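Each of the two complexes below includes subunit A, the first together with subunit B, the second together with subunit C.
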Partner chain A sequence: MKNYIVKKERLNDLIENLIKTNEVIAPVAHENFTAFAPLSSPDQIVWGAPQTVIPPKQFLYPQSEDLLAYEFSNDEVKITGLNTVKERILFGVHPCDLNAIGQMDRVWAEKNIDSNYPAKRKAMTLVGVDCLTPCSPEAICLRLGGLDPKGRFDLFLTDIGNSFSAEAATPKGEALIEGAVAAKAADKKKLSAVRKKRNLIFDKKEKKLLPKYQDLPKLMKANVDHPVWEEHGKLCYGCGSCNMVCPTCYCFDVQDYMHVSLVKGVRSRVWDGCMTEEFAKVASGENFREDRSHRLRHRTYRKLNYLFDKWGESFCTGCGRCIKACLTKIVSPLEIANEIYSRKI
Partner chain B sequence: MSKPKVGFFSFTSCEGCQLVVLSMADKLFDLLGAVEVVNFREASSYKGEDYDVAIVEGALSTVHEIEEIRAIRQQAKILIALGACAHIGGINCIRNFDNQFEIKKSVYGDKVANFDSILAQPIDAVVKVDYYSRGCPPNRDGEEFVEIVTAILQGKKPYIPNFPVCVQCKMKGNVCTFHKERPITCLGPVTRAGCSAHCPSYGNACIGCRGLVEEPNLNAHQETLSGAGLTVEESLKFYRMLNGMMEVGK
Partner chain C sequence: MKTLYTPELAVIKKVIPQTPLETFFELELTERKTLGHKPGQFVEVSIFGIGEAPISISSAPEPDKPTFELCVRKVGNVTNALLEKKVGDKIGIRGPFGNGFDIARFKGKDILFIAGGIGLVPLRSLILEVLNRRPEYGKINVLYGCKTPRDLLFKGELKSWECGGTVECMITVDLGDENWQGDVGVITTLIPRVEIDEKKTQAVIVGPPVMYRFVIKELKARRLADANIWMSLERKMKCGVGKCGHCQMNEIYVCQDGPVFNYAELKKIPESI
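And then the complex of A and B:
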């Protein structure tokens, strides 16, 4: 990791230059929220709160992505693989989302290696920005290990007054920041002080996690039949909002879109969510998770149990988006864990 | 498969659904390459009687319409309900909750005895419907309608989502109407997706024009709506705008 310090105006100049030759994506105002969108000016960037409605996963595995095109002629099928890859710089990605991308990198590189994700990922430069105060009352990042980005970026900026501290984790990140006028190497003293103060603020403001972080998988496993699943589940719409907005939900459905001429078509991958009614329904009509309570348990287990065990960290990075999105307020992984912990069965 | 012959029929409605089909531009030509249209009230005045597929828009609201739909069902191998009026009765059903005599009188005045108007109902209250192209009007680019026709030609089941509008609304990154600076109540959490969350994407609430998902969580929705300040009466009114039929069952 290399450390730099760069004046805010100089960073602005850098972004202005980058926009001229690259697609630069960053959070910009979107009603009373923000949204990742291509920049036309550095002034558009919203550096802190509010958070984007959906995380940046759309740039790695889009909502709907054409995977291949097919065409029948005589007795043959011609198949063409599709992948739209664009060089992109993502600016202003917060730690929870950086961690999620880091996790997705591991998940998508496992077993059935898919060629679309890695190509998109390789073409992406990731510039993160530190949070100095929780982005929303729903944020639980400190509690679930999402606030420390753990080097999962090319470049990471922290606001330290009239300058940014910039940490570069990759040569890509170094090259990027060295393009800024008068960016100079720096020690971490000021940065450590800012972070220390920040952690205190987060500890005061974010909802507490009652069980120990490390114990979450064990707690989940021991409470398959806890009443919390049924109590919360009965208020679930199966609306999938919590899946769509989650930076670590990556389930998809594969759809064939045959042209009405029946001679050609496209196969696409579209976002899907385990909370929806038919997610676990198979061709025979059998539904493996028919009950909403089972689906809620499954989702929570993915975050705090199965993937935690498998990869050694919580797959809820605490961004708080699902907690905000859920209209009946039943989905918070932290609150579910707390309820289970304090209501022993 | 030789080109199936298709007839379009219109009952109580604004006939906007047929217009949507007509306005599908490029897709329309693809469709016309695949099927033969023999009866299309909005497109030509030619009335053929020989059709395999009947595409029906509108709700049934007279005795005469009930006789007609029965005749159409007898002739058609496949019957597609096009649009909310045909699918769920739609806006026509609002009047089902008022005094029928008063309503008729206010519309037809002293000629009321000449009209055989009855409670409005969706097509499948009377005959079997094979496919539904949902929405008021069916989604504007006609994609789902084309999907249904394509599936029929392929002999497979069309893909129609059975999850709430919220899924597609979130995919679009919309700010939920409940979370806007000035919140608006929305039927999206119980309404079947497939419209790409058209209304919320333009700043409006979903009003449920595609009908409800198969297992809507109405208790949860009652909680959400009352949390947003709606009384039970207001919530019912909201549903009745297009989904009044669900109260009496189909």
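And then the complex of A and C:
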């Protein structure tokens, strides 16, 4: 890790220059919400709150992504695999999302490597920003391990007043920041004071997690039949909003789209959600996860049990988006864990 | 560019209607000699412009045979479109996928095959494999149940499976018709009529989800150990490569770690059956 200090106006100059030759993406304001979008000026960046509605996964694993194209001619069909890759620099990514991307890097690199994700990931430069206060009342990042980015970035900025402290974890990050400043050691004292204060604020403001973080998989496993699943599940609309906004939900459906000429078409993958009724339903009508309470348990188990066990960390990074998106306020992994913990069966 | 999701082309060599709902297809890949599958594996069938569907392979692996066989029930978009295809048409194929049956586990054993409805389609790949090497196995029984006589699959070849009397096939239907002279009743009614040496027998069950619990109960009553009961499970399988999440039961991706499971393992997976 290399450390730098960069004056805010110098960073702005750097971003301004980058915009001229690169696609630079950051949270920008749209009416009453923020979204990751290409910048035309560094002044557009929303560095802290409000958090974007959709996480940056859309640039690695788009909502709709063409996987192949086909074209018919004289009874023959020509098939071409597709993978649209664009160099991109992302600024202002919160630690919860940096952790989620780090986790997605692991799952997409498993056996049967899907070339689409890694190619997009390789073409991406990630510049994170430290959150010094929770971005919303729903944030639970400190509790679920999402606040410390654990080096999952190229460059990571912490606001220390007139300047940012910048940590570079990769040569890509070093090259980027060295476009703005000569290498310089950080003011470690100031940085550590800022972080200390940050942790106190998060600890005071974020909802507590009652069970121990490390015990979450064990707690989940022991409570397959806990009444919480039925109580929360029966209120679920099965809308899948929690899946769509989650930075670590990566399930997809595959759809064919024929061109109006009927001589060509594409096969695309689109985001899908395990909370929707159709998710596990086969053509004969059999639904292998028909009950909403079972779908809620499945989603929660993926975050706090299956993937936690497999990779050694919670796959809810505590961004709080699902809690905001949920219409009936039943989906919070932290609150589910707390209810199970306090009402042992 | 070829990716994980790029299908290969296969030519339809034969189309044989089996029942009002099911049709048999023989296919040959255009760019590879054989599919190289194991019994119990599946392929993703592509109809361009419609989509993909997971379909069990119904033929035994034979290294010198360039074709492979599917038997498809007309039930969704892809299978409906597939049924419109004719001999000579090309469709897309990805796979084979899934673990398939571990054939070595059955060597020298008695095998009790139990199929319900189109469960016979994947099971046929294993039955034919075993029959191709008949002397390597002990006693073989095939129990097959379906709704009515007109739903019977592979009618023309069921007789040949008896291998001149060395395999016992029993068929039952839920509801007979005026010409049906065979057994009537659910598949479990056949099990008490089979002689089972619980030390030597491997049971292989493939059928609709509702069937498994009843059949397993019968087999347990005949003192068959969990580890000697095998099943192939149906799930929604969109990608076939362990990514899309649809086929998941608990932490298991059925398209990768299944569809064939041992009951001793399945018992630990609450979402399995």
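Methods note: the second predicted complex is superposed on the first by the 334 of 345 C-alpha atoms of A that agree within 3 Å, B and C clash if a C-alpha of one lies under 4 Å from a C-alpha of the other, contacts with A are read in each partner's own complex, and residues count from 1 in each chain.
Heads up, the rule we're going with is that a contact is a pair of C-beta atoms (placed from the backbone, for glycine too) under 8 Å apart; a residue touches a chain by one contact, two chains touch by 3 or more.
As the structure is a computational prediction, the values presented were derived from the model and not from experiment.
**Student:** Could you say whether A:276 touches subunit B, subunit C, both of them, or neither, answering first, second, both or neither?
**Tutor:** In the superposition, A:276 touches subunit B alone.
**Student:** Once the shared chain is lined up, is A:61 touching subunit B (first), subunit C (second), both, or neither of them?
**Tutor:** Once the two structures are laid over each other on A, A:61 reaches no partner at all.
**Student:** Please tell me which partner, subunit B or subunit C, touches more residues of subunit A.
**Tutor:** C
**Student:** So in the superposed three-chain picture, is A:114 touching just subunit B, just subunit C, both, or none of them (first/second/both/neither)?
**Tutor:** A:114 sits against subunit C, while subunit B stays out of touch.
**Student:** Based on the superposed arrangement, let me know which partner A:292 touches: subunit B (first), subunit C (second), both, or neither?
**Tutor:** first
**Student:** For A:4, decide between first (touching subunit B), second (touching subunit C), both and neither.
**Tutor:** Touch status of A:4: no partner.
**Student:** Regarding the shared-chain residue A:258, is it in contact with subunit B (first), subunit C (second), both, or neither?
**Tutor:** In the superposed model, A:258 contacts both subunit B and subunit C.
**Student:** Does the superposition put A:315 against subunit B (first), subunit C (second), both, or neither?
**Tutor:** A:315 sits against neither subunit B nor subunit C.
**Student:** Which partner does A:153 contact after superposing on A: first (subunit B), second (subunit C), both, neither?
**Tutor:** neither
**Student:** Would you mind listing the overlap between the subunit B footprint and the subunit C footprint on subunit A?
**Tutor:** 255, 258, 262
**Student:** Could you please specify the touching residues of subunit A with respect to subunit B in the complex?
**Tutor:** My answer: residues 30-33, 35, 52-54, 58, 63-64, 234-241, 243-245, 255, 257-262, 271, 273, 276-278, 292, 324-325, 327-328.
**Student:** Which part of subunit A faces subunit C closely enough to touch in the complex?
**Tutor:** Contacts found on subunit A: 67-68, 70, 72, 75-77, 79-83, 108, 110-116, 224, 250-256, 258, 262, 265, 267, 269, 272, 274, 279-284, 286, 288-289, 294, 298, 301, 305-306, 309-310.
**Student:** In the complex, go through subunit C and note every residue touching subunit A.
**Tutor:** Those in contact with subunit A are residues 1-7, 9, 46, 48-53, 73, 75-77, 79, 89-90, 92, 208-209, 234-236, 238-239, 241-251, 256, 270-271.
**Student:** Quick one: which bits of subunit B touch subunit A in the complex? Just the residue numbers, please.
**Tutor:** On the subunit B side, the touching residues are 27, 30-31, 33-34, 146-147, 149-150, 153-154, 159, 162-164, 166-167, 169-176, 178-181, 188-190, 213-217, 219-221, 223-224.
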